[in-house]
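This structure is in structure tokens; I'll ask about it shortly.
Chain IDs A, B, C and D follow the sequence of writing; residue 1 opens each chain.
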Amino acid sequence: MNKELLTEILATFKKTQGYIEKDNRLFIETKKEIVPALLKYFKDKSFDRLAMVSCVDRINENKLEIIYILTSFCLDNPLNIILKIKISRNEPELDTVIPIFENAEPYEREIHELFGVDFIGHPRLTPLFLEREYEIPPFRKDFDMRKYSEELFDSVPFVGDEK
Amino acid sequence: MDRNKISKWLKGPAKMGHKYSLSAIYFCTGCGIIEVPPVITARWDAERFGVIPVASPRQANLFLITGYVSLKTLKAIIRTYEQMPDPKYVVGFGSCPINGGMYWDSYNTIKHLDKYIPVDGWIAGCMPRPEAIFIGVTHLWTLIDKDMAKGYVKYREKYESYRKNQEQILGKLEWKPLYPIRRRK
Amino acid sequence: MRELELYFGPQHLGMVGNFSITLSVEGDKIVNAASNPGYLHRGFEKLMEYRTWSQNFPLVCRINVIEPDSMEMVYAMAVEKLANIEVPERAEFIRSIYLELARIGSHLFGLWAYANMLGFDTVAQWAMYHRDIILDLFEELTGARVYHIYINPGGVRRDFPKGFKEKIVKTLHSIGGCVPDYNNTFFENRLFYERAHRIGAISQEEAIKYGAVGQPLRATGIAHDIRKVEPYAVYDKVEFDVPIRENGDAHSRILIVRDEMIESVHMIFKLLDMMPEGEVWNRTPNPFKWNIPEGECYVRVESSRGELGLYLVSDGGDKPYRAHFRTPSYTHGLVILEKVLRGANISDVGNIMISLYVIAPEIDR
Amino acid sequence: MIMIIEVVKIIVLPLIALIIGIFLMGLARMITARIHWRYGPPITQPLIDMVKFFDQRGISHGFIFDFGIILSLAGSIVLVLFIPFCKIAPLSNSGGLLVILYLMLITPLGIALSSGASGNPNASIGISRKFMLALGYEVPFILIILTIMKSYNSLSLIDIVNVQQAGTWSIISSLPLFLTGVAYFLILPAILGVRPFDMTTAPQEISSGPKVEYSGKYLALLSIEHALTLYIGLTLFVNLFLGGSANFILFFIKILIVFIIGLFINAVFPRFRIEQALKYLWGIPTLLALAGLILTMII
């Protein structure tokens, strides 16, 4: 059944590769233009739950990889679809998927904050977790956390006991 | 009540009042919070030591910092601390506020809490067991008895340095200074 | 009427965890609500990239304070999957028992928070006491009260101590003996019904639309449980029911919590009977020179609050390249809570939030 | 000489009320702890708290804030003087039950003034709840007072107590008075502001409501007021329905029994929402009180 689904997807959508791993995981790699169409297609195929949106910084390829994981509310359908797209690391931009899956909102906000990806059409890209502003978004690979925290926190002096 | 205690009550009732009535506010600042509910409920019952949680910082005199402090929480902690009436005691809870603990290299948690507000006592451990919390409380009693829990006095005296440290981490603070700041030339 | 800005949290007795909600209030009615997380953000997933595969075990369990064990489990499962490690059967049984005990403990904590919120002080104290005697079991098994770090890749750290089985049975019986008391004072109390009925209700369509998991989903009548849908450990070998309710309100969610605890107790008894003898740990390579082959995986388990997932990427090195936890409270706290609070009464904020089982450290990570 | 005794009575009675009130607060914490399977604090804990509060540096929020709390405390103290304690009631003859009815509104009013001036939104919500609650229990309370006045044909509490001392307790003397007594017992927690009706000061909902901005000495005054409220609610019940007493110990035991029964109810009940509280207060207690009044009128 999973194989049929995969062949159908590959036939319907161009520029798409995919493979099935054991334990019911279907990986699909695609381009960012057809993400909304693909997500809508899956939603109609009863993969109606967006488990999460994630992001991986592939610094060697100079790309950011956005990952959508879709599962189903059906009780007899353990298949998870892992949808991967690569976007440019220098000008990361992507259409929001909130019209399709409403619970993508905080995930996109988080990725905007931690990876610096702009989601076009997102209603509130305000800071979610962070208090300070960072030059490089902190979850990117070129952000050196240890150096940063050392510089920031160790430069604060102890309040001495002397008068 | 033994004679010693009675004479202490007669000598300094206010001090004894502070000692045996510790109204705690606890921020759920981190993992440490998970041991606070057992401590205040049936199994360990901190109320027999006079420790009772209250809802508003205005009514509290014991501030439990229960774990690592992220930058956003630090702001709230400073505000809460400044709202508490004197005398007030702060107890750092767990390894994280002492020196960063497990999160020593995180970009969002501070390492030494006592750089930003004065801390009267530490309870080490990740996480401290309920017994350790009680030892912390009795230790705080000793400190109060010997007039050594004077963090709030230090805060008043060194307010400029504390405020400077706070602003170095958090940027410009949007509330007015608690004590007047003398500008040095 | 004048609108008031009200900050619910972070310092608030009705708040579990360091979380804040900004409420716009007209009289007692909430017009608008905005969740404001981030008070507990430590950058866990970034920290994990700086630590080796086995150093991460003490770290992951600290993401969720209430139930650290499912966090260990999901990370161990992901590592085992990436590194192709087999787990002995006895270890799988021990893991299941351990996770179910943790589930009961977590639910009792939730019960404490909820009862405390409504003012059922007595029940709250009992629940916390009973959680504490479960923590005693953990202490004997693992040496720690809260953070156990008991699950290792390839099994568990050590076997059951002598006489531990009987101890589990005895403890669970003593807690089970109090279930009628709980029912009388809390679950079947008319006032609990009055306070929780039709509060924070979400319909089945809304639950699907917003991607609810766990009790909020099961309270609307969908028996979705990862232990059934995609069994891990030995959940495919043991029979159990997934309790569901129809109303989708706080009352149904809390009753589901009770039913799940009872179901877990029965399951532990069955698992203890079925437990085989044998090894509990397939040794893994030296943790300092342990490289895991390149790859990525998504694993999920059913924690006490719903589906807990982990997307783990390895680049062939000795450290994870990227980890991302899909925590159940994330959607509950940031999407559903905001929607449900709109139009609710101000006295029900904590009621709704705790019945949705929103746990702040899980959201912030 | 009589003058001096009267003055001494006026000074001593509020002090006795305060001591009893603080003792009851300590007892409440102890007994609640035992119901919770805990050991609980020492019985002197409220006193220790109060000593601490008086030493703390309180924060005022302006003149109205100070004035309101003093007004409310003064209201409570005057009220104490109107209620007989072992037949000692310095002001009982000057107005009787009507004045008590009126004075009972002063206390929430003062707190409303005071905490309204603090400008905290939690306090304003708590105050609006407090007034709604007062509205809720005033209706049955007025009916109860009317029934008592009608059946004893007197406004003076001392007279009512004397009649009961001579005959039987009013709660078992006749059916209408029994109904009224039950109604009073049902609204007693609302008057005292304890568990099912502590939504005005719910710490888990509105950060202890009106109390939220009080600190130091102001909080101490508030706890004194709370102690007096406990004393007033209980003594009024004992005087009106349980026959009062000329004997101090008997009087105290009566107060204690009513209070401990209240505590048991307190321990197993959750907090009502305010509309549920109004629904309850205007339901059975009001109906019972109304039935009592009508029956008294007929008989």
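Observations
FYI, a residue touches a chain if its C-beta (ideal position, glycine included) is under 8 Å from a C-beta of that chain, and two chains touch if they have at least 3 such contacts.
What you see is a predicted model; the values in this text were computed from it and never measured.
Chain pair with the larger contact count among A-B and B-C is B-C, by C-beta pairs in contact. Chain B has its Cα centroid 40 Å from the Cα centroid of chain A.
One simple way to say how far apart two chains are is to compare their mean CA positions; for chain A and chain D this gives 60 Å. If you average the CA atoms of chain B and of chain C, the two centres end up 30 Å from each other. In terms of their C-alpha centroids, the spacing between chain A and chain C amounts to 24 Å.
In chain B, 41-42, 55, 70, 72, 105-108 are the positions where the chain touches two or more neighbouring chains simultaneously. Shared interface positions of chain C, i.e. residues touching 2 or more other chains, are given as 12-13, 38, 41, 43, 46-47, 50, 125-126, 129, 364.
The set of chain A residues touching two or more other chains comprises 129-131, 138, 145-146.
Under the contact rule stated at the top, the pairs of chains that touch are A-B, A-C, B-C, B-D, C-D. On the chain B side of its complex with chain D, the touching residues are 13-14, 16-18, 20-21, 23, 41-42, 45, 47-48, 50, 52, 54-56, 58-59, 61, 85-87.
Those residues of chain D lying in contact with chain C across their complex are 32, 35-38, 121-122, 124-125, 128-129, 195-196, 198-199, 202-207, 267-274, 276. Of all the residues in chain C, the ones that touch chain A in their complex are 37-38, 41, 43, 45-47, 50, 81, 208-211, 217, 222-224, 228-230, 296-298, 300, 307, 309, 311, 313, 321-322, 324, 326, 330-331, 334-335, 364. By the touch criterion stated above, chain C contacts chain D in their complex at residues 4-6, 12-14, 25, 27-28, 115-122, 125-126, 129, 185, 189, 191-192, 194-195, 345-350. Contacts from chain B toward chain A in the complex involve residues 70-72, 75, 100, 104-108, 110-112, 114-116, 118, 154, 158, 161-162, 165, 168-171.
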